[in-house]
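Sharing a structure below in structure tokens format, with a few things to ask.
The chains carry the letters A, B, C and D, assigned in the order they are written, with residues numbered from 1 in each.
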Amino acid sequence: MAAITIEGVSKRFGAAMALEQLDLNVADGEFVALLGPSGCGKTTLLRIIAGLETRSSGRVLIGDRDVSDLPPAERGLAMVFQNYAVFPHLTVFENVAFGLRMQKRDEATIRRQVNRAADLLQIGPYLDRYPAKLSGGQRQRVAVARALAVEPAVLLMDEPLSNLDALLRLEMRAELKSVLKEAGTTTLYVTHDQTEAMGLADRIAVMHKGVIEQIDTPTRIYSKPSSTFVGGFVGSPPMNFLKLEAKNGVLACEGFSMPLAHDGPVLLGFRGEDVRLVDASQGLAFAVRVVEPMGSHLLLTGQVGGERIRVVAAPQAEIASGMTLGLQLDAARVVVMDTQTGKAL
Amino acid sequence: MAAITIEGVSKRFGAAMALEQLDLNVADGEFVALLGPSGCGKTTLLRIIAGLETRSSGRVLIGDRDVSDLPPAERGLAMVFQNYAVFPHLTVFENVAFGLRMQKRDEATIRRQVNRAADLLQIGPYLDRYPAKLSGGQRQRVAVARALAVEPAVLLMDEPLSNLDALLRLEMRAELKSVLKEAGTTTLYVTHDQTEAMGLADRIAVMHKGVIEQIDTPTRIYSKPSSTFVGGFVGSPPMNFLKLEAKNGVLACEGFSMPLAHDGPVLLGFRGEDVRLVDASQGLAFAVRVVEPMGSHLLLTGQVGGERIRVVAAPQAEIASGMTLGLQLDAARVVVMDTQTGKAL
Amino acid sequence: MTMVMALLLGAPAGYALARFSFKGATAFRLMILLTRAFPLAILALPLTVLFIRAGLYDTAFGVSLVHTALALPFAAMITASLFAGIPRELEEAAWVFGCTRWQAFVKVVLPLALPGMAAAAIFAFVISWNEVFAASVLTVQQRTLTAYLLTVLSESPLHYRFAGGFILIVPSVVFIFAVRRYLFALWGVTSR
Amino acid sequence: MTMVMALLLGAPAGYALARFSFKGATAFRLMILLTRAFPLAILALPLTVLFIRAGLYDTAFGVSLVHTALALPFAAMITASLFAGIPRELEEAAWVFGCTRWQAFVKVVLPLALPGMAAAAIFAFVISWNEVFAASVLTVQQRTLTAYLLTVLSESPLHYRFAGGFILIVPSVVFIFAVRRYLFALWGVTSR
């Protein structure tokens, strides 16, 4: 168990900056998710921490040790890869024992630790099989067991669930969360799937174009995003943004007003489930274009002014495309962004 | 515009039955989604309708015409492929015009229809480009425009959104829905993504192992699944099932009871958002193991008796893993399944 | 040297012919592999007899015919992997949008396979160019290569021969640089 | 015939040697392609001179050496595509779990590449087997193949020669059937 500290890490690929002067702290025993679209640099950062990629500048500390120039083997970490990377020529037992054997532990210790990891991930019955005989979900468990068996100070995970189907992903997510909580391992988890990051992490670091846009708890990332990018990337449907004009210390539109110490155009962000749908005569006029019955809710897509807005309604609501409804916003559940920078005011 | 009628279509691959005596009707102008896990036969069925695969038995009718033995070109349909299948050596214009050119329409008609399809899908600015210069989403639009340009009687779509990223998929879904509603084309849409099927379709046909398990509106598929498979496959989180014992015409557990004309063990199915969370002393004892804050809601995974249950709670609820809560079910919002067949009673 | 020129036209034409209608099945691919394993010597015997009977032996047409025959399996293999690289969906899309199988092939598959085919043809030409050099020596002079070279060695200074050799490989090198992207794809070595 | 036996051991050993440390870069791959385009005849000249000086000409060892040299680019190409087929993540996983680069290669890459290598070696052997037949004729008898065959043709009845040839190709055929799955992968022809 150890903290991870990243100080001013940069990475250039030729002329392109993949990572720009990045700082990140993961506390001992904490689970942090690196969330971002593909190409945002999240996997590069993880690989720099693992020692599989060289950094252009900056330092990586695990615990209090500067591991920046050590080979992967000496950093005291374990990793779970996107395609599992279980060794096809070794049995499940030997796969899980691989790290321990490299550490030259004695046979009894290896047996004990492998069995413990296997119990935790429920792969005990498959220990003698070869990975080719296992399903994707089982291979995934083997990869996690292999990582946990060495009792690493730090566990790195690179989109470990992205190759599983939806149902299995949901199941493995809950399982991973309870297993890692039990093991208490410091974990850095890379994903592009916001539901995974929300469900698993203690804190989420949202990355965009090589910088961390926001790092906070899932709840705050969701309800108080620090930029339009975070609001648009996290949550399904994404946050809605309306362009409004703030005047005389007040931001107002039909059926809504809040004090704001800013003059000029701003973006008002709100979640689709945080509005009240009222009669068209009250609130913002919302022209419904598409109604999608999602079972647990109705997803309405439509226009307010010229802007596309998505709103969530109760599943029993009788709404058809072509209708015009009124939206009422709650000042406690909105964010205000700068139109130029896209950052929260 | 025409209806699709499938009568007793079977497909054998060697000894394996891919489709078993399948019947399906898609009304004129209707949008039906074929939903199922990979390998359930949904794509095979679509390809048989398109004429790209041979059937082992049965008939396919489009309108009132038996097209079972016609080549694809003479069936009067259009198709959108999973990987778009836009021709890389033709410009966008020529791609969209391809079907019309094959029908030997005159140049003015071609130009008019291509432009109309391009306007509908908003690809007007790219008509002179080659597909290699387009993004995935734009290529997807080209593929749809090419299909709509021929004004097909029937439109077949094979997971057209599966290669797009999450945000784009959400956008294209709403767009597709309004475009197809405007065009009024009879559509059969294959997908493994239940949110797509729910959002888009007038009716959903849930397929499993070569048979259609249930065909109904999205709302009914969601709230009244006809089998445990449908309940588990549709909705996220999937439906929960508890094993209970029905006695003397009553099905009851703590805090819940409903009349049931069946004796013996049954499966009680309910949705995670349809329960009321109460004090542990009332209702079913629910031991929370994992709490995932999803922003718009909390996803609780835990145990009732020995069975895994997923429940949705309000985002503000203060619930931690390890707590025990009480569940109260609503008799109007449950389904009862046979333990043997998994079918609704 | 006229013989070299004749092959310059003859051999690639032969390869091109081989490519048009090919669509691989496993059995066929096995047969191709077998021809690779078939001893050339055994093949050469009846062929020579046949050639002498037909009056083709030691003529440009005869050599190009043999070359074409030998290159056919290679050409089939290459074109098979080229066609395999063209997604089936493209052809299927063409069918759905009104093409017959033949139209789909001409309108969709062929235009897409052409660049790769051209590259393969050039590559085949380069190989054949080298073989031709050897072949011309063998057929016309009726001596072994080594024997021939030894004779020449004793007759002409070394750097003349090397200069001649260099001129011969120049076109090969130029072609290979021009089409290397296709070649890597053909040989299945990814340029990661 | 002793020569055939010698190559049976010599040639595959040569290929195996070539495979161990290879990891491809674009420049290197280009060079390999160039050697394919390089006229054998030019190469043969200095080689022959060298061989005569070293007293290797017309010996089994000499032939196997030449064969190995000629097969090297082929072997490098094959092994490169074999190694490329082994996911990088497997090696990286080995590094993370405590291996040095060399250990990772020995413990992970090599065991995975071995079956493919064995198949490639056998295939190379099969090709070499055929070449050996020709080579033995060429080197020992100091005559051209065609000339030799024509001589034999006039001396022995046809079906004897065919029978002999058939026996020669039997092992090739057997081997090829045994390893065809690997061969298809090597040649990049998907057996869809």
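Here is the rule we go by: a residue touches a chain if its C-beta (ideal position, glycine included) is under 8 Å from a C-beta of that chain, and two chains touch if they have at least 3 such contacts.
On a predicted model such as this, the values are computed, not experimentally measured, just so you know.
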| item | value |
| --- | --- |
| Set of chains whose contacts include both chain D and chain C | none |
| Most contacted chain pair (by C-beta pair count) | C-D |
| Rounded Å distance between chain A and chain C, as computed from the means of their C-alpha atoms | 54 |
| Centre-to-centre distance between chain B and chain A (centres being mean Cα positions), rounded to whole Å | 26 |
| Multi-partner residues of chain B (at least 2 other chains) | none |
| Multi-partner residues of chain D (each touching 2 or more other chains) | none |
| Residue ranges of chain D in contact with chain A within the complex | 87, 89-90, 92-100, 103, 108, 111-112 |
| Chain A residues touching chain D - in the complex, by the definition given at the top | 50-52, 71-73, 77-79, 81-83, 85, 87-89, 98-99, 102-103, 146, 150 |
| Residues on chain B engaged by chain A in the complex (per definition of touch) | 37-38, 165-167, 170, 173-174, 177-178, 181, 192-195, 198-200, 217-219, 221-223, 232-238, 271, 273, 289-290, 292-296, 299, 301, 310, 312, 315, 321 |
